[in-house]
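Okay, so chain A shows up in both of these, paired with chain B first and chain C after.
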Partner chain A sequence: MKWFGALLIVFTLTWLGYEWSKKLEQRPQLIRVLKSSLQILEAEIVYSQASIMEACHNISQQIPSPVSGFFRQVAQQLKHEPISLYDIWDKETDRFCHSVFLSSEEKEIMKQFGRTLGQHDIVQQQKYIQLALTHLDRKLKEAEDMNYRYGKMVKSLGLLAGLFLAILLL
Partner chain B sequence: MENILNLLPETISSEIRQAMKNKRFQPQEIRLRMNQPVELNDGTNIIWLFKTRLTQSEALLFLNRISEYSMYRLEEELRQGYITISGGHRIGISGEVIVENGSVKAIKHVSSFNIRLATDMVGFTKPYLSYIYDSSLKNSLIIGPPQSGKTTFLRDIARYLSGGGVFKRTFKTAIVDERSEICASVNGVPQHHFHSRVDVMDKCPKSEGMMMLVRSMSPEVIIVDEIGSEKDVQALMETIHAGVCIICTVHGRDLEEVKQRPALLPLFRANVFDRFFVLSNQKKAGDVTDILDQHGRTILKQRVNSL
Partner chain C sequence: MIGDTSILFQIAGIGIIVAMIHTILKQMGKEEYAQFVSLVGFIIVLLFVLNSISDLFQEIRSVFFYKG
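Coming up: the complex of A and B.
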């Protein structure tokens, strides 16, 4: 029974460490996808002058999940209950960031960007997209750094902490 | 009507709905002004709705809805001062203007909206068709003040010319629809009902559109709305001398007044028009008060009252 409990502790903590490292790995990937979706958005706005709804719909078909889900939601909500774009964007950003591992800074960047979306002429809009992209770039670097530095460590830390606790309790 | 009310802020649209129901009022225009009561008018009567007033944020929301939350798509429209929405309704705007290099770049703070509801009256030009076509098509100019039904007249004529079953033959009809008012096209396809022989150049500048159509679509008649600038007149002359019949409209009270407009002088000097239709907004939209031939003599035999 004792041994079983010890094993359980080791297993759980290893698994936690593994999960944590997966999150660290996920974050730069997500930021990369967000960046490419903003780039698609820019092309849709500048070259084809598509409406935000069309653009979001097109983006959702071109990028992988879960970011595609976010854009699909925005497009659908705009279609069905047109309140204001910013309210929808805000709500969906909250929901999206809640479901994936993104820091509050990324969330803030997206929200700030949403406030400018669709409110300016093409030149201005393009500038705002570029600004958001620069911010995301910075965050991407940070996230990559974090992953590089702590990714492997966290995994082994989980295992070691598990072992430590198990030995301590035995 | 319904798609305009859906665009309007809820408080305003519900009041308009109520007013229309209570008073059996069919407005031609809905006018919204910042911090002022809503005005509904049908050309002669005005109804004021005092319950709600347009606020800054509502105006912004309205603009956002018109543009489908994508203001960058209204760049050209904000420069021109009007927006055409689906259904062919036109929303005129005024407010604070941004000027760049001496010309208007955009309207920034919009303070007034004038929503002109597109009316489609089918068949009311039938009594006048014999003036436009007898043995040959006549170049016609339709003269009228605002809200006299010029565009509606033009649309109805286009319907008959392109195959309305009144003439012995039909004509290849081309329409240059700079403001999407005649056909109310969405993605280039006319939303108003037309017959089969209509080709539309949507959102195209009139002067260029006329020449493009002459070159590409070999039309027999070209229909254009609101001739005004020198460029339009020049293109019109080119088109008429290319053997294509023209039917167009111009702002003005009567022929004499229109003849005074400097930009239009070359047209009258060259005597290009065979028929002048004078419309009035006194009684009802689409009221033809006079029809003149190329020498300016009245040839309208009897005024048509039934609309």
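Coming up: the complex of A and C.
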């Protein structure tokens, strides 16, 4: 029974470390998808001159799962609720960042971007998209660096912490 | 002479694992955390052997002063 408990502790902490490293891996991927979705948005606005609702709908069909849900929600809410775009964008960004592993800085970048969305003409809007892309680029580099530095450490640290606690309580 | 050997193995295990954590943290450039972990490990081991050390002092006092 004692050994069973010790194994359980080791297993749980190893798993925690593994989950954490998975989150670290996920963050740069998410930022990359966000970047490509903003690029699609730029193309939709500048070249096909689509409305935000159509653009969001198109984006949601072109990009992979967690981010596409965000754009689908925005498009649907725009269709059904007559409140301002910024309120919808703000609410959905909050909900999206709550469900995935993104830091508050990325959230702030997306919110700032949402504040400019639909307020300007095409040329200005393109500039704002470029600005958001530059910010996201910086964050992407940061996230990749974090993953490279701490990814492996977190995994082995989980296992070691588990062994440590097990020996301590034995 | 030594009543219970399991505490020795326990302390050895703690030492090995603390040393490994220290190495990993140091390798990743977190020296301050590494020092902190070592310190915490040392304190935990000290708490483990507190009773034995107090026994030892009692023993020494009874040897030299005849009244413990």
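Assorted remarks:
Everything that follows uses one rule, which is that the second predicted complex is superposed on the first by the 170 of 170 C-alpha atoms of A that agree within 3 Å, B and C clash if a C-alpha of one lies under 4 Å from a C-alpha of the other, contacts with A are read in each partner's own complex, and residues count from 1 in each chain.
Operating definition for what follows: a residue touches a chain if its C-beta (ideal position, glycine included) is under 8 Å from a C-beta of that chain, and two chains touch if they have at least 3 such contacts.
Keep in mind that what you see is a predicted model, and the values were worked out from it rather than measured.
Touch criterion met: A:Leu78 reaches chain B, while chain C stays clear of it.
Touching more residues of chain A than its counterpart among chain B and chain C is B. Judged by the touch definition given at the top, the superposed model places A:Leu163 against chain C, while chain B stays out of reach.
Once chain A of one complex is fitted onto chain A of the other, the partner contacts of A:Arg95 are absent, as it touches neither chain B nor chain C. In the superposition on chain A, A:Lys22 makes contact with neither chain B nor chain C. In the superposition on chain A, contact is made by A:Gln49 with chain B only, not with chain C.
Note: no residue of chain A belongs to the chain B contact set and to the chain C contact set alike, using the contact criterion stated above. Per the touch definition, chain C reaches chain A in the complex via residues 10, 13-14, 17-18, 20-21, 24-25, 27-29, 44.
Within the complex, the chain B residues that touch chain A are 61, 64-65, 67-73, 75, 106. Those residues of chain A that touch chain B in the shared complex are 45, 49-53, 55, 78, 82, 84-85, 117-122, 125.
Listing the residues of chain A that touch chain C in their complex gives 149-150, 153, 156-157, 160-161, 163-164, 167-168, 170.
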